[in-house]
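Each of the next two complexes has chain A plus one more chain, namely chain B in the first and chain C in the second.
Coming up: the complex of A and B.
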């Protein structure tokens, strides 16, 4: 196991390096730059050159990359081009805000979706199962931002039960109860949209297992239905779900750009979009690297969980192999 | 609904209640300003810095206008004046050679730490703005400064390299404190903590900078020791929104009180809200089609736009009124030349009207030698009249304009191929080097009407923004004359000459100006003369000191 972890870690460092190289190249290849996003009638090309020089953007790309990388390795994300602010000032608060919103939604989603999917698998095509199917199709078909606007329209503007957007009311900054109130709508939107697929995964995975021979054997032996479902079937059914959980983990960090935009939630998704428009390369790179790290960790966690729920999977130094 | 509107502001409402023995139900005159309260303004994008040297975006300039005093201010017509909140004490004087401006500053103007705003601060600000190495985004407005010096403790003398009447509007700069940039190299001024950290930012305006939470809000509080005319409103909050529709909903909900501009598509919802008031005015913006005269952009190096009559015909062939009616839904007006309709440099009596007239267009094209080919497309000297019209993708207004132009010109036998490109790619790859055949884009105008850098042949790409390589020796000279004479009446006469020339030899198809629709909650009050003016840049909050809020 430890040999496996070390190997994966070394691989991860290489992957991160390659991601940083490719992303750095790609964003600098995109047209425009921090100085050219606005055109003004009297702006002379000379002054733009001076601005680029003062921002250090007139240096050759490989030198810019090297200076970014060496700072990055020291834990310094650099500064923004406009106004020279530390990138961390933008990224860390946004990360925190996204985590608050996304983990809440993610955990709730799991707590509802997995038991519900399991329940539905035992009562296939029952009322609950059909309801889940309808919500599932609707959730997958509906554009998130549209659904979010509908929820705002109903619960905030028409019924006036909930705040429209933002994290806090201006006179209640930092109050936990106010934060919870502001989270109800965006979390509901994220949960309902995500619920759809997770419930279907859990149900499908469970149904597949329930149809297998060993389950039939267990039933034939006279094992109670509850024991069949929870003891025999569940552990196997969880395997694909765990994989999806691990793969979805980065979303918690990357934020949800559309939901964050509609609910004006100051998270990573919004930050990334804003900074991409402003061509603030250092902030974009910081976001990309943080998400990349979480993707790698997420995959690793999924593999480890895999081994925990499925004894057939052993983690060896030669990569995950099943017996 | 109204009762719930300001649930979010209940705390501030409380502080407004007079602590003294007020009668239980005082008869309040709604037209009489009251002190106190909070004004919450929605902004579509966060600020970058309020370091006035480096400001390059509207949000930052809006917030800065609450925090930093200007040397001179402007009135509702965009004229430079001394106001009860300007640093200058009296109107400036100009030397007889029109190159030297002498400015007397107030002795009592103070920074937020109580220290006086001195002539050194003014000199530093103008020296820095005119120092090319700093890379100030507004450098071109100060580039003509030859020397700035102080005389005694209250006089600043600015000398220009040459007579330049455009410089007058540059006297409205926000002044920065010299001591905040002490011992800094010019190239580092853009990286100063000044302007981004409220604690490190000395201010001089009616409000103090309390807080900036990125992507969320900026809070300002009345400066108790403010030296100018004191404002009525206690607290100003700028709330940052990610999206214009979210912003409008927040206004309807009562979370914010004021939006500089709202999209036309949200008007019905806003009109249905009894607490919301709307007013609109022409913005300092217009859209145009630029012709490209550089033969390198054309197959066979043959420019179809060479003939003036051809360009006149195109202006007549395009249904611009139809654009205003159908695309802008009436929230805009026709533009016939490079000056905003109704602005002082405009002379409508000599400006071509370019009325929509297909027959006239056809006649002009025929006079210029175009004949219909077998496929109906015009031909001249063996060249088909076909061109590519470029505009930025995602701008619905310009995309609709382009479609109308394509249809209208097809009706007179000109084939237009529309090409849309991402703005960020179009500017460096096509606009800046002047690589296009025809370009549909817009300009935002400054306080001064000069547009030499757009229309004069001195400013061909890459040196300037005459991206279509338009050349007219008469107007080249007139644009320069426009700022070499200093009296407004003389300038107007010069600009009249330009309008006359453009009526014959148009550089653009001037399309239309868009109105800006401002929306606010009725609790925000102002006297008529203090109303925001959309037609002047930063004309929204220029009289903020006179506004008040109820409740």
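Coming up: the complex of A and C.
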């Protein structure tokens, strides 16, 4: 187990290193990369040169990369180009806001999807199962942001039940009840769009296990149906569900970019979109790296959970890594 | 291969003869597909949208970019069936012209995805060993980062040109197909006919194309179909953010991009393009699922209840 863990950790670090290299390279390859950001039309070349020197942008690329990397490891992301404010001032609050939204949606989704999928697997093609299938098809074919706009139109403009966008009302910043009120719409959008596919997944996973010989054996020796479903089947059905949690994490982080934009939620996704337009390269790189770290930690947790629920992974050390 | 259950003959009409040739796999699949009502409905809707898109320059009532500030009205009228947008552009014409871009992006990206995925998947699956490990780790890296972020980054830096849009969307979506093809290859390359081909000195690339890739066609077609829908959704998201298709060109996603500003005055403005995306992607997904079910030998044909009763009556004596 520990050997497996160490290998996965080393792999994660390698992946992070590659991502940092790619994002740094991409930004420096861009036409009008970071250097042109500083040059204003009426500046003399000498001043530009001094400025570039002060920012350290006249050094060879590999040295720039190394100093960026080492400072980042200490938590220093540098400053923005235009306003010169520390990047951390933008990134950390955005991360916090995103996590508030995402974890709520994530937990709710799982709390609904897994039991619902289990229920549907025991009553195949029943009303509840068909409902889930219809929602699933609709959710797969619908742009998330469009669904979000429709929800806004219905619940905040037409019915006037919920606030349209933002995290807090203007005069109630920091109030918990106001935050909850503002979260209802974006969280529902995220949950409803993602819900059906996880329900489907949980159901399929359960059905696969319920068709196994050992389940038939359990039934044959007179184990009660509840015990068969929850003890014999569920434990084994959880394995694929756990892996999909980790693998889908990037999609969830990205999907929130659109939801955050529609609802004007000041999170990572919206920050990234805004900063990409403004070409604030230091912020972009910081967001990229933080998202990468979050995603890789998610994958790592999924792998560890996978190893915990599936003894085969622990023994051979393979499976999750090669899957 | 052909169980009697999978190809039920009409009870009275058909007589069995020993010489009758077994149905080919593709023929069987086609029959199964034609029996799938959802898939056929999806196919019809998809064909309608494609026809409309192809005919758009002929049938659109107005030039889609024609601005008519004085005639701007969200209310449907004789002249503008679905009204106009805030600067008087006809919504029907814009939907039609947008459909061309959305569908073009959808199909082009799907084609690119399949080509790149097949090439990389084939190389990984055929050569195996360290080539496989390197490519698979690369795929892991690609998958561990949100594709949308990379799309946004590249398009914001390099500008929202059509060709960039296609290239970056292909670049961030080929991994699924590559994994699929690799998996198929790993299974197929142990087959005896591949061994035989090797032994008789067939060159590697010919084995790859004639023996391996051709036998993996089914799953590749399915994932190609399903990725059309994904590409249309992806384009709509990028255009919504203002990064994809740029005005005066239009796409369904681009039409949605400023719909939020006019939610109070014209809520229906946001509904039409979204509905078009929804219906198209739904139709394409139904077709994709239909093809998958048709090609899956494990999938049993659903037998109509009446016919089942007939059989029971005949055979229970």
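In this section, the second predicted complex is superposed on the first by the 273 of 323 C-alpha atoms of A that agree within 3 Å, B and C clash if a C-alpha of one lies under 4 Å from a C-alpha of the other, contacts with A are read in each partner's own complex, and residues count from 1 in each chain.
Quick note on the criterion: contacts are C-beta pairs under 8 Å (C-beta built on N, C-alpha and C of every residue); 3 or more make two chains touch, one makes a residue touch a chain.
Small disclaimer: the values here were computed from a predicted structure and weren't measured.
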Report for A:261: first if it touches chain B alone, second if chain C alone, otherwise both or neither. both
In the overlaid three-chain picture, which partner chain does A:157 touch, first (chain B) or second (chain C), both, or neither? both
According to the stated criteria, A:8 is in contact with first (chain B), second (chain C), both, or neither; which is it? neither
Under the stated touch criterion, which partner chain does A:138 make contact with: chain B (first), chain C (second), both, or neither? second
Taking the superposition as given, does A:146 touch the first partner, chain B, the second, chain C, both, or neither? second
Touched partner set for A:18, first chain B, second chain C, both or neither: second
Where does A:166 make contact in the superposed view: on chain B (first), on chain C (second), on both, or on neither? first
Please indicate which partner A:27 is in contact with in the superposed arrangement: first for chain B, second for chain C, both, or neither. second
Quick check on the output: what are the common chain A residues between the chain B footprint and the chain C footprint? 30-31, 149, 152, 157, 261-262, 273, 279
Provide the residue numbers of chain C that touch chain A in the complex, in ascending order. 136, 140-141, 143-149, 152-154, 156-158, 229, 233, 236-237, 240-242, 253, 256, 259-260, 263-264, 267, 270-271, 274, 277-278, 281-282, 285-286
State the interface residues of chain A toward chain B in the complex, per the touch definition above. 30-33, 36-47, 50-51, 53-55, 79, 82-85, 89-90, 93-94, 149, 152, 156-157, 160, 163-167, 169-171, 260-264, 266, 270-271, 273-274, 279
Parts of chain B lying in touch with chain A, wherever the complex brings them together: 1, 4, 7-12, 38, 40, 45-46, 48-49, 51, 54, 56-57, 132-137, 139-141, 187-188, 190-192, 195-196, 213-217, 237, 239-243, 245-246, 249-250, 252-253, 255, 422-425, 427-429, 431-432, 443, 446, 451, 453-454, 462-465
Interfacial residue positions of chain A with respect to chain C in the complex: 15, 18-19, 23, 26-27, 30-31, 137-138, 140-146, 149-150, 152-153, 157-158, 247, 250-251, 253-255, 257-258, 261-262, 272-273, 276-277, 279, 284, 287-288, 291-292, 295-296, 299, 322
